[in-house]
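Here it is, the structure in full.
Going in written order, the chains are labelled A, B, C and D, and every chain counts its residues from 1.
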Amino acid sequence: MPWTRDEMAQRAARELKDGFYVNLGIGMPTLVANHAGDLDITLQSENGMLGMGPFPWESEEDADLINAGKQTVTELPRTSYFSSADSFAMIRGGHMDLSILGAMEVAENGDLANWMVPGKMVKGMGGAMDLVAGTPRIVVMMEHSDKAGNPKFIPACTLPLTGRNVVDVIITDIAVFERADRKGAPFRLVETAPGVTAEDVKARTTAAFVV
Amino acid sequence: MANKVYSDAASALEGLLFDGMTIVSGGFGLCGIPENSIAAIRASGVKGLTVVSNNAGVDGFGLGLLLETRQVKKMISSYVGENKEFERQYLSGELELEFCPQGTLAERMRAGGAGIPGFYTRTGVGTLVAEGKEHKEFDGETFVMERGIVGDLAIVKAWKADRFGNLVFRKTARNFNPMAATAGKVTVAEVEEIVPDGALDPDLIHTPSVFVQRVFVGTFEKRIEQRTVRKREIA
Amino acid sequence: MANKVYSDAASALEGLLFDGMTIVSGGFGLCGIPENSIAAIRASGVKGLTVVSNNAGVDGFGLGLLLETRQVKKMISSYVGENKEFERQYLSGELELEFCPQGTLAERMRAGGAGIPGFYTRTGVGTLVAEGKEHKEFDGETFVMERGIVGDLAIVKAWKADRFGNLVFRKTARNFNPMAATAGKVTVAEVEEIVPDGALDPDLIHTPSVFVQRVFVGTFEKRIEQRTVRKREIA
Amino acid sequence: MPWTRDEMAQRAARELKDGFYVNLGIGMPTLVANHAGDLDITLQSENGMLGMGPFPWESEEDADLINAGKQTVTELPRTSYFSSADSFAMIRGGHMDLSILGAMEVAENGDLANWMVPGKMVKGMGGAMDLVAGTPRIVVMMEHSDKAGNPKFIPACTLPLTGRNVVDVIITDIAVFERADRKGAPFRLVETAPGVTAEDVKARTTAAFVV
């Protein structure tokens, strides 16, 4: 039985540590914030905010206060605002602890593709290339297979890359993979959803991984 | 003193616009965008523009207004996903697009404003955006060189200004505006309020006056793209 | 939460000092210098230090204290004219010195903190400071490449902090402190006051908390180097 | 009769224009501020201040408020403070209009030396190299001859340079030289002190200049 999106977020939250500064990508990764529990986590929004609070109460939205997904948010007692240059100085300079983001494809060497489908989608990479290049630990959350049923954790990315050799942990709806370092360690299957076996995962994955 | 205060966008932009020019704009999504200058640029009819802006507005608002009228020849942006007309013009080859990672774009504006013609970053190495660019090893790691950007004109949106041109931004409406303000040969700032001399705390000015040549009070729609709220429970 | 607040300089620096390390320091002249951390570093006896700081203090105060005790192996600075002991040690070959133009030094700290290993500037081209460095032409003009700096430790002085590590500086005591705060693998901030949660306006924080790992309230002499005043006329 | 330091400053003040942003070097150049008259000038101090005011009244000195010469100063209604990186972004980026500074030597090609005497003086260049590299117009104020009576406006600098081809105007105690551009135009003698002739200036100068 595959994990729900919320269960995936719960699992991703176990990558958090007390005191961490974290950037959560648009979509599923934003759910991780709901599962931080007692951990003291500071959320960064790359459009220029550290210490992002929850959505505002109805009628308290402020057009000048949005997150990187362009959603209205709120501030906290710890919040600071800064320019985009300062925001990415923080990211590129390796000052953030962790970033969790979505993916179209992850390769067995840690390459990530999540920004472009040539000839079809021309939205852009936004801050994703900076986040994966600058953040010491990158967790990817994605469905194990795409809508056509094809695996997304694959031997080599087919789509244009967001970053080379940047993914540390992959959380899908059926499995969690992790690698010990970015220096050649293979991804290891460290967890499976209830009722999912390692064999099941192998059958649905084209990337090589160890068990 | 040399007057920096103008009555509106049209007068503030007078004499600054020409076909084929490069304009650097502040704003992230529709937050903190120079709405008034964009409208005045549209009304001016200037064309063949290269616009450097993180986003391209939406259909019918923000920089989307200049796309509708085909005044833009080329965009340098990190994300244009909210704009159907953009996508159409780009896929049909009518519009040039240079994708630039968001942090690289912010740094390119800052570098241009700071007299730095090039800098190295690890962002984008091994991806499409690094193709054809110079690479260099530092301490065993590969970096790509990116160029500073200086525009003929920068248009920015701030919260408050004084008549000297000092600017203060509000919350996440700051975003690209401070760098854009440094990256124009001429910088025009639109603000919600021009405050009396000395009303801005000198420790807390985001953009010092030297970067701003013209300033005016605008009127702002401040459209929200994604209105996300929590519902209050009724007791 | 992970506690960032320490009782004094010695406890804030505990476990962070080692012989041969590189320390990046804020301050301009004796203005905005981390007096308390400097005194604690002297007391620790750590030696063979490379210190990156715009100035080297004066005899008997500021970084001059670490020169007296020969704890400094090398300085990277733009101006050391106020310090006789420095001059003596340098001319006798006891102390290494890397002169770096002030703006280049500020930018090198910022670059190091921002993940930029190198950048190009026209400052110093054709002078001693550019010798042996890589040069590059941009648009027909020659620039020299300068390297980002990252220290094992950064020590900075701010006016106010909160317990999260957000910092606010006061007047020209800001100077090199914000960049230094970004350029340490670990950053220790000494402040005049730690204010209650939420007392700092989020729009007006100079150094966001992510850059500061440890903070303490210090006691400050704040020596003035050149006391220049106007005399009041007595009516 | 040579000009006094104050008369030199008065002459230098004629290089100012209304609305200018100006950086004045330590020493004689600071006197120029006294002669700005009705012109609206904003003074920059490269340690992080725009809109520098006069010295404080006695007992109102603030250790946190100094200029680049480490002197106590005051703020004005237009003042802003910023970091050293932002200060030199302003300077390097060409946003200042004019800088006036002292010199040990100026060469006939516009080279400037004002920071080092090898083996003797090791004070450092401070912000001078950035100022001359970044500011579009550079005015030098200096005595026409050094203490030993040797000319300071010379064919080629003998001291380590602060910048190559950066000086636009030279104001000495007996003469003013100016050149039309930095693309090969020679310095031209445009003014002499009362009672000083062009011949006098030539006799006391080794640099080539036109009259």
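Just so it is clear, a residue touches a chain if its C-beta (ideal position, glycine included) is under 8 Å from a C-beta of that chain, and two chains touch if they have at least 3 such contacts.
Computed from a prediction, not measured in an experiment: that's the story for all the values here.
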For the chain pairs C-D and B-D, which is connected through the larger number of C-beta pairs in contact?
-> C-D
Starting from the mean Cα coordinates of subunit B and subunit D, work out the distance between those two points in Å.
-> 35
Separation of subunit C from subunit D, taking each centre as the mean of its C-alpha atoms, in whole Å = 27
Whole-Å gap between the CA centroids of subunit A and subunit D = 54
Subunit B and subunit C: spacing of chain centres that average the CA atoms, whole Å = 32
Identify all positions of subunit C at which a residue touches two or more other chains, and write them in rising order.
-> 107, 110, 114-116, 121-122, 169-171, 174, 202-203
For subunit A, residues that touch 2 or more chains besides their own = 75, 81-82, 88-89, 91-92, 134
How would one label the connectivity among the chains shown: line, ring, star, complete, or other?
-> other
Pairs of chains that touch, anyone?
-> A-B, A-C, B-C, B-D, C-D
In their complex, what parts of subunit D are in touch with subunit B?
-> 18-19, 21, 40, 42, 44, 50-51, 75, 77-82, 86, 88-96, 134
For subunit A, which residues count as touching subunit B in their complex?
-> 45-49, 54-67, 69-73, 75, 81-85, 87-89, 91-92, 111, 116, 119, 122-130, 133-134, 160-164
Contacts from subunit B onto subunit D in the complex sit at residues 1-2, 110, 112-116, 162, 164, 166, 182, 197-198, 200, 202-203, 205, 208-211
Can you name the residues of subunit C that touch subunit B in the complex?
-> 107, 111, 114-122, 136, 138-139, 141, 143, 147, 168-171, 174, 201-204
As the complex stands, subunit B meets subunit A at residues 28-32, 54, 77-82, 87, 90-91, 97, 99, 101-107, 109-110, 121-129, 159, 169-179, 206, 222-232
